[in-house]
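Look at the two complexes coming up: chain A is in both, with chain B in one and chain C in the other.
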Partner chain A sequence: MSELKAVLRSLYLEYKNQTTSQLKLLDFFFIFSLIVALVQFAYMIVFGTFPFNSFLSGFFTAIGEAIFTVSLRMQLKRDNTAVRPIGDFIFCNLVLFLAAFNFMG
Partner chain B sequence: MKDTSKKNTEPIKKVKVEVVKIKTETIPLEQQILNFLTQNSSLLLYSTLILIYIIAFSTRLFSVLRFESVIHEFDPYFNFRSTKYLVNEGIYNFINWFDEYSWYPLGRIIGGTVYPGLMVTSAIIYWVLNFFHLNMKIRNICVFLAPLFASNTAIVTYLFGKEVFDKRVGLLAAAFIAIVPGYISRSVAGSYDNEGIAIFALINTYYLWVKAVNTGSMFWSALCALGYFYMVAAWGGYVFIINLIPLHVIVLLISGRYSNRLYIAYCTTYILGTLLSMQISFVGFQPVQSSEHMAALGVFCFLQAYCLTNWIRSMLTPVQFYTLFRIGFIFISSFVTIALAAGIATGYISPFTGRFYSLLDPTYAKQHIPIIASVSEHQPTAWASYFFDLHVLAFMFPAGFYFCFKNISDGSIFLILYGITSIYFSGVMVRLMLILAPIACVLAAVGFSFTLRAYMRYLKSENSNNKELPQFENRNQIALFIVVAITIIFIFFTIHCTWVTSEAYSSPSIVLAARGQGGSKIIFDDFREGYNWLKHNTHQNAKVMSWWDYGYQIEAMANRTVLVDNNTWNNSHIALVGKAFASTEENAYEIMKSLDVDYVLVIFGGLIGYASDDINKFLWMVRIAGSTDPNVKEADYFTPNGEFRVDSEGSSTLLNSLMYKCCYYGFGTITTEANRPPGYDRVRNVEIGNKNFELNYLEEAFTSEHWLVRIYRVLPPDNRS
Partner chain C sequence: MKKSLSFSILIILFLSLINFYNCQNNEVIGAVSGYLDNNLVSSIFSLIQNKQLSNFTFGSISTTYKAVKVFKLLNTNVPNSNELCNLLELKLQNVERVREAYYLIETLKILECSNSNSNSNSNSKLSIPLPVINDIRKIFAATIQSEANLARIYFAISLVSSFSSSLTHENFDYNSIINYVLRLKDDSGSFKSSISRGAPTVSSAALAYRILARLLSTNSLNKHQIYQIQQVAKEIINIFEQTDNYQGTIFFEEESLEITSEVVSASAALIAHFPQLPILFQSKLVGIAEFFIQRKHVATIDDAYFLLTGLHAFDILPTPIVLILQQNSIEVSSKSNDNLLKVSVTDLFGNNMNEFKVYLESAYPVTTRQSILSHQQMQLETGSEGSRYSINFLALKPEPGVYELKFSASTISTTRNVINVQLAIRSIKIVTAVSVHDFEISVQELSSSTGKKTSLQFGEVLTQSLKANSAQKLVITLKLKNQVSLKPLSVQQCFVRLYNQQQIKEIVELVKFERNRYSFEFAFDGKKEIDNLVNGEYSIELIVGDSILSNSFIWQIGKINLEIAENNNNAAQLGISSRPVFAPLPEIRHIFRNPDKRPTEMISFVFTSLVVALPFGLLLSGINSIGFNLKRFPLGFGFFSAIAFVLLLLSILVLFSFFWLILTMIQTLTILFILSIPTFYFGLTTFRNINRLSKTDKED
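Up next is the complex of A and B:
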């Protein structure tokens, strides 16, 4: 158990060293999207799935944002100054929200 | 003037100017042409692509030139009717359409049970053309849509081949798919069916997927998801895509080709694609509930775990990582197992539907679902079909596998997987030869291209003394022979494809043709004659009972209510109709009265020798009826020897059934061939057994010119029963 704590601690330290503030912002947004998805899932479990399409559109939006953030982070880690990945991120968000709004009902 | 300034003390360099004589030779004509072609290679490329586009369109026009611009077969009539409804009523009414003209007492929710891609595509083209006041009739748009999209498929196949290998493979693949018979069979002019646009959407999605994996860009992944959305809108075969792409991801992971590009491409495509695919009402919530989509979800979750593991591993020493990994793995895997077990046990994850189960186990349908087994397109593929539909591509297909393995990349692994899976599925059902055709074109193009590449090098004049090329005896002659032989093979391929298109795949099915005695052409237009009789001589609310094959055509051309049609969504209703046809006239009358039937329509080919008539389909009617009603036994309709005969030896149940009587009423007095007794059936080649009978509950309303379509009116009950 103590060695698990040591491993986690060294993981945390290594993470703090490696990431720039730009990437840390993206990581916070990623955690936030996951929390939003978790809250929606918990709500669905407690109150039932009735408008299932609304639940799915909200859940997929949150998970989608998380995935896009991770993808953006991967591309920006390779090259800090690249602008193209940000443009792709915006385009994917447009498609995601268009589909989600159509699906919500 | 000499410069006497003190600053410049360097000696002036003397430059020797030489006058060089430029030799002006006249370049020979062949060299001039070759120079022009190599320097303007894009001109050659684009003109070849334009030619391929034109050829793909024009080779599909045989039936329009021989007959007329008419919709073929059965399913296209439903699509045509739906497109007309969409164009007239608007998209909102189309999506919410409930059709009371089909499946008589039940009706059919068309808005929720149809793939709207085909109709919406035609409607958009119609609206765009009408906006520019190019008023083209909706029927002509529907007839020519499939050849137009076949040309587009050729272009997308070029892009696909170019993305995986290079332009040379792409061009060959485009040329092959423009004329390959396996694809032409479902995309001739007039064949207005989902496959016409679905193959375009399929290759488009695969091209965008390989592009996304190769570039690792979210933009291409989003485009792939949009292409996938179009495919879902177009055809039920989209399940192939949503299972092949995760399989590709798994194989890449296993072969150690994981990269960030793969993660970005798959996750973006999966999220956007699944959300978009649920917009189609027919698909509904299946992408998160049915077993056919669970593989994609499973690979998605696994890829997240894999990526997370990789990232953590990059930040820790191996010892530390191992401790963390051990605990995490046990925790996660137990969670996943419990979730999966709970999903299957509660029935939340529905098991495979019969349609897809029959793809995995080809013998399933014959035992359990007779309707699926009865369709001729669902029979296993014969060996001859492979050669007939693919010709030389079938031989170069394995060569393509070899070269894909030799020049391995993410894209070529995808080609290999697509090839293997499509070979298996095309063996299960003839209909799925359509899935095999595109990949056969691409892989054969790979095979041909690499072979030609290897030998063309020897034919270039600048390579005649190049010592880097493999040297062997008579290399120039062998290279020339190989290149010429392959060119001749291409010529034979083209001849075969055009012949097959002209002879086998260009028949409209609604109009038949035959050669008369002196070679003159006889046209049998009985089907349209019969349906138009119904349209003009029956009241608007008349209900027509026929076998389900003709349902769509009756709805579209005769505009009357039918009991069962080609959608075959309700097996017991079809079984009821089958039972009516298989029973005696008296029992059938009870069933017909309960269903408010006004007219009975049968197709009879005995006069002219048309083999796809209802008597030949009769056994399937009995089997389907027997699947729900145990009183209808198939054995009753055979002779004691087990033969199916319609002459005097035939079983009495058969000879007294409604179908027999409807087909052969009044036939006993007709002489069909010289030297034969009257009532000689030219399809079964026997003299019929039960002649000169009277009908008590029906009366003959109409028989078409060559007796193909026979319509009977159901008499009202007697005043005193």
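Up next is the complex of A and C:
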């Protein structure tokens, strides 16, 4: 147990010291998207799927958002000065939101 | 030689094409299928009478005119005509426009109001008010300036023609009217309502014809003007080419009774002045008459007016013939003593027309389409119900079934202008009686065909009940024959019905027809149909029916006792309720899907807050722990482009919200395209600034 604690602590310190604030911001945004998806999922489990279109839109928008964030993080980790990935991220999110609003009903 | 041969071939080809085109254009002239009978005339009279208001009018002045005209066409008196006369004469003193003056004066003319002198017509007391004369002058001036519209011209011309003797000093220029009207004509025969307005329509053509007819009735046109109007009359056929047709009816403008009636009656009004002009659209007139007859059940004053004026147009136009099968000829029994097939030939108002040669050109059953006669003349008979044309159809001994009969009729009178019938198709049904022969019923073992057979004559009942168990089957065989010809008959319905005495359960099964014989076998060996049968006594019925039978029947044959050992359930256990067979079936109660359970509004609000606030709060606290740094935010132009970029992105999200609420996809994409241009520009600028800053930092 103590070994596990030591491993986690070293992981945390490594993350805190080695990771840039830009990537940390993206990580927080990723967790934010997952929590949004989780809360909607929990609502669906407890209270049913009505309205189903809205649930699908909201849930998969959050998941899609998370996936785009991961993709952006991977690209920025390689080269943190690149701006092309940010532009792609914005464009993909706009398309995702347009599709979600269309599907929402 | 070669040249003359090729030229001859070309001539032959050209003539063939013309002939082919003519053949394609030769439409068959039929007959109308009904007429305006006395009952309908009475109902129209009652309808209009009931619509008279307390002030003796029928609504607006145009509706009053139409109502009065309907009474005139029905040859009946207008109720409270004196009071109506007084009211309309009072109104006439105060009118200023041609439209109101026209309707008032025309109504007063029809009413023949009794204020006039005995030696003069009713118009002598009537006069056009001065403001109306001024309006007429304006309309004539407007035609010179190409500003008038056809409706106002028509009202003006009608008033001028009605009061021509008192308006001679005005010297109205009819030439300007004729030229203006002709300018409104287009190549299709339609007219525009004015030079500056709208597309050519057939209803404007009707107005144009009425105007030209009114001008002719003034008898003050010269030869050239009459010739110009005659040319228009010759082209009336072009208007009738713009009709549509549906199931034998022909009409204008999507089955509009008003427009069809107006065009037909206006055409008749113009054609009346040129009786020598041939009418080349007679098949269209028959279709239009059929259209009117199918609209004969009217519910408003307007519809009654348009129906009657349309029908009375045929007082001038060639009259279509109405050819109707008599009621007792529509369904004829082959056993009937009356062998005669009778048709009546009338005009559109039910008046008999006797001066015809009527032929039954052919008659054939609709199933085989093989004609059983051709070109037989029908004989004229005069009786208490009027004259009829008859033929001894049953002498041909037709088989039962539905027959199509093709009639033709041509007039032998030289005085009346009627449209001969080339081909009128009517349907009749020959019915017959059926008889049952060689009826046998027995209960047999499942695996064999032996068993005591009982023969019955039609109508007899089994003297003893049959008995059957689950290892047996009920067998019935019979033959059905035409009572008249004794030929085997195959009918549409031949069933055997078993039903329990307490009517708890019934089974109806088909009797099969093979090789001119009907046979029925029903095994009681546990088939699904008998799962709910109970042991007990069942009645056996034979049901025979067909549309060509005059004696369809249900024959109670006898009873059968069933002992199906496995199924000894009683009705109460099965929950089956008793119901008489021919009683109404239970009412169907539709079960709708239960709506999904939904949480309360408070819970939905809580979760919405959770979705929005909780993750956002965590995000903010995370950003706070990282540290919020605006030092690298660009300054100068970069500042504005960055702000603009962010704002434009937000505006796109707002656009998506509007798309969800109000806009369509096309509208959204259009606005998105417009927004994307500055967004792209400012985004590119912002990223370039960020890139430049990053490179500067690296160099540092």
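One rule holds for everything that comes next: the second predicted complex is superposed on the first by the 105 of 105 C-alpha atoms of A that agree within 3 Å, B and C clash if a C-alpha of one lies under 4 Å from a C-alpha of the other, contacts with A are read in each partner's own complex, and residues count from 1 in each chain.
Everything below uses one rule, namely that a residue touches a chain if its C-beta (ideal position, glycine included) is under 8 Å from a C-beta of that chain, and two chains touch if they have at least 3 such contacts.
Since this is a predicted model, take the numbers as computed values, not measurements.
Legend: residue contacts after superposition of the two complexes on their common chain; A:Leu11 is shown touching chain B, with no touch to chain C.
Legend: residue contacts after superposition of the two complexes on their common chain; A:Gly48 is shown touching chain C, with no touch to chain B. When the two structures are aligned on the shared chain, A:Asn102 is found in touch with chain B and with chain C.
Using the contact criterion defined above for the overlaid structures, shared-chain residue A:Gln40 touches chain C, although it does not reach chain B. Shared-chain residue A:Gln75: touches chain B; no touch with chain C. By the touch criterion defined above, A:Phe60 lies against chain B but remains apart from chain C after alignment on the C-alpha atoms of chain A. Touch criterion met: A:Gly87 reaches chain B and chain C at once.
With both structures placed on the common chain, the touch criterion links A:Phe28 to chain C but leaves chain B unconnected. Shared contact residues of chain A with chain B and chain C: 87, 102. Those residues of chain A that touch chain C in the complex are listed here as 21, 24-25, 28-29, 31-33, 35-36, 39-40, 43, 47-50, 58, 81, 83, 86-87, 90, 94, 97-98, 101-102, 104. Across the interface of their complex, chain A is touched by residues 596-599, 603, 607, 610-611, 614-616, 618-619, 622-623, 626-627, 629, 649, 652-653, 656-657, 659-660, 665, 668, 672, 683, 687, 690-691, 694-695, 698 of chain C. Listed in rising order, the residues of chain A touching chain B in the complex are 3-4, 6-8, 10-11, 14-15, 18, 52-53, 56-57, 60, 63-64, 67-68, 70-72, 74-75, 78, 84-85, 87-89, 91-92, 95-96, 99-100, 102-103. Put simply, chain B touches chain A in their complex at residues 216-219, 221-222, 225-226, 260, 263-264, 267-268, 271-272, 274-276, 278-279, 285, 288, 307, 312, 315-316, 320-321, 323-324, 327.
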